[in-house]
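So that you can tell them apart, the chains are marked A, B, C and D in the order they are listed, and the count of residues begins at 1 in each.
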């Protein structure tokens, strides 16, 4: 049986990535696409790489008849999302890709996003969408909050280590390298090709990146006490990919075992043999995440590296993985396509 | 029913691309992989982006039991291919991705490749693999010769125009821009990232590129008289993609109509509305080809542009498309995945 | 003696390139910088790569005391430039980098730029700034119009051939590949790194690019009769560089000789040995232009290739070269820095 | 007075960069170029971007008459360099760009490079070439050992902090991102454009990179006790640039002050205002190094970032800076060219 899907905010990169994935998904069908500023346009003129597909034109959200929709992906900008979802039917299944429902605590939301949440009841209802760790809740949820792409990467590297108690919780440094598409399709001078290409830099340095809110929430919850990591993202001149290089205190063998054990049955999470390291090029365009563990020359210090594609496993692939669970489908349905290399 | 596939020469880019495609193909299964220098290694260590797949290890060709193989792809270097195929069982279905069987005329082969063909009987047997134009012959063939990636691009732009008689056959100039992966995985100084990135240049200038042999053969056959195009390829700092900019004499509307009519029912060939132009980014990683037609300001001069992915539609995707026909499958089976953008 | 320089419109790429060049110029000194929207900011915050230099802050044009300025570079947007220059002192030496004064004929200007020229007297006064061909006039000029970067590249390839009468004037096709910085620092979706990188396409296809106005003007003037070339630019994912691939009718040896003779004494124009071809990577960041000539396999057809850096020889380097002449300095003063490779 | 320079090993990137710099150096002249495998070739065919220069052809080292040479740059491969230098005249001034003379302790050399040093007397003689910290010794030296490019970057960030005692010496983590040219012009599969572009990864993870030998030597010497940092380099798809992100314990304001005070009079080392961060694009192609300091949200933790161009300030620019001192010239002579952006 085919499930009918709406994508709200389909004119951004995560929207286009959802369409790309659903195009070969055996059980999902794109039934509606919204894009406020581009309403009335065919999707193929907004994203010519999708022109071969038989897709509905972009419309305004209010033009969509949600009674025929089985699940909606919300790929709207932060803040917009909570306002829109509050107006949608309360029985509609929703996977939200924005930051609006990632933080469960209203105070934490206000701290990181600068103003009170506009839909606190929905905030309470939402399930955090890191599939491999919230699987049962997601399957039963109506509203799932997709994680930040950086937040997903860091959590895949660290959650099993905190759960297993094999690292020092006060000494975690995450140096993260993110590709350009993570910044979205917004018109900013520093995202121009001529500015960005052939150079790289750190941004949001010092612990001010909003994805830290997710790390704090999740790591503290696992540990049962406050955990604050250091986190420095860098913008790298490549379109896709996140690489987290995490410096921890703990025994490399124990750390590797904790990860390997935890992910032994996960389709999309691969722990490399100890000493091997991942590369973003080897997961590009796929829903896979590669994780490596290397002992440092300094006793008791270990480096954990995780690589995934920010648009796929970090965002739209994760969203489809969650939707599969919510719709009672195989979790990996439509997501087994291989990475694109070179 | 699943067909068992061998890929000979699986350690190059076209070999990896075949595996990527077959990974989600409903009817094909990789049963054997060969790689002379890398025999004994798992495919996942030669191509870590394929490490999540359950694949046979690389072996030497002589280790493969071809009695259980339904079809072999040969992704071997030029000249090696003819020697290897001559030794394979004569009833084995083969799609060859090398240049060895593209030219039907032994003299033409010797002219362009510098020495006599080593397997002239096979050369005679081979069917030229430009699917949309040799569909019936391919379906009945045992040995199909994949086209050059540049040669495919240029032919998609020009064949219908020669067939329809809407252009001047003596005034065809093809300026082609090719991505880096077309040069393969060979260790050459000018293919290093530091050499290639941020620069571009023409190569094989003056009509010496071997794909001209294919243009000459095919265009002359259609026209029933010798046709010699001008052809200048350029190397562009992008991994995938070919863009052919073809300058012809003829009426733009007639030219557009000839292309649109000819490709109206082709899944993978899209003729854009007149005046629109294709981009390699919009077909990247897919089996699609976009074609545009624009009238020049000079009366009677028209520019035809065609874009495809050299590794997919220009090589491994084409090979699977042909294999589908040879195995009695739907021609587009396993090939409908969307382009990857950004 | 040091000459005091003002740069109007210093917040764009050509403005920054002027500062880069002048930073090591022995006889020029930056005395004033204007930038309307960024007035009040230090140049080092608009362009951090220039932060080590002792530069005046950006101001509004009206704040500049031109009585102490020896020469002004205008790197303002098209149309703005003519309005601004009309208000500047009439004895101020000016090199304009915009398109406003490139076309001498008011009708041609209106045709290509869509409205009448606002300063026709200045249009009449302006000298076309292709240094090697207008040297004497430039030395005596007060107002010099920098050429289009594409226009410069194409003219270096073609002017000596038209002068020498060695090519067919009705059969000139110029296929040009331009780097990204040529599009400037404007915020357009298609200039984002995620859109542009790893893909390429033709634009302004069919003879509608404004630089054709310059080709028409200049080539017709040399030939003494109308000459209309075909011209198709392509956008390539590299920051700097223009490569013109020009298809002409004529004997390769004669063509090579015409170019080699004409440029024998030019510091910045190098004609490669016949059969060799240029690459943009070999002139990147410099004021040099490399030109190659190759005979096609088709008798009487020749390919001429020219490569230069759009920001340097195509724009700001040319501007300094002209300023040197206007100020009585050595023409190559401050311009002999080598290309940056890799 | 012009000093005559020989460059041994001129066919690699650092050799070419030396030529680029010397091309506009007022007091140096390239008098001899060696390249074993390319002996007999003009430099302009090995590096076409240098073809406009009047340079001697490449020769074998033994063909050079060193009696007329004032100073030789050795840009030879590691291990080769010590053998070659041992045979050169003992009164010839030499700046070595290899790793052969960076480590003063024979045991440390053997530990990091895997075999005993072949010229221990020269090893003893050599002065470590980090200009701003060994200025007087370099001025008096005959043989100067250029630093590793990563090693230079990390030391610029850390030396003043160790000297000033403002950081915890046992808690230093350096996460470094290096451009491609740092790997040289060697033919390795993982350096091909198709492999490298659009992806990134860590390498030499766990404290095995040889530049750690330099960090250990230098930091321990300053501190007067063993200091071992953690160091993880990453390969980034950009041609030039190194960015070191250093995680330290200490007060950000004290750290910023220590750096700003130490570098207040350094031409090429710029400490940004506290809270600002450097980018490799802003020093590309120049001899400048930008350093930033940001306080982390975690009390007492600070991030120090340093960016330089591996081929210029990290290698050939540093070498010329040292040569200037050794020849009694102004230290910044020929090195004041601005970065190339975009």
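FYI, contacts are C-beta pairs under 8 Å (C-beta built on N, C-alpha and C of every residue); 3 or more make two chains touch, one makes a residue touch a chain.
Please read all numbers here as calculations on a predicted model, not as lab measurements.
Set against the Cα centre of chain D, the chain with the most distant centre is B.
With C-D and A-D as the two chain pairs, more C-beta contacts join A-D.
For the pair chain B and chain D, the distance between C-alpha centroids works out to 45 Å. The geometric centre of chain C is 36 Å away from that of chain D, both derived from CA atoms. Chain A and chain D have Cα centroids separated by 39 Å.
For chain B, the set of residues touching two or more other chains reads 13, 180-181, 194-198, 237-240, 279, 281-282, 284, 341-342. If you check the complex, the residues on chain A that touch chain D are 173, 175, 177, 194-203, 205-208, 212, 228, 230, 232, 234, 236-241, 243, 245, 247, 275, 277-282, 284, 292, 294-298, 301, 303, 305, 307, 341-342. Put simply, chain D touches chain C in their complex at residues 13, 16, 19-20, 23-24, 47-53, 180-181, 197-198, 239-240, 267, 270, 279, 281-286, 288, 290, 311, 336-342.
The touching residues of chain C, when paired with chain A in their complex, are 13, 180-181, 183, 185, 187-189, 191-198, 237-239.
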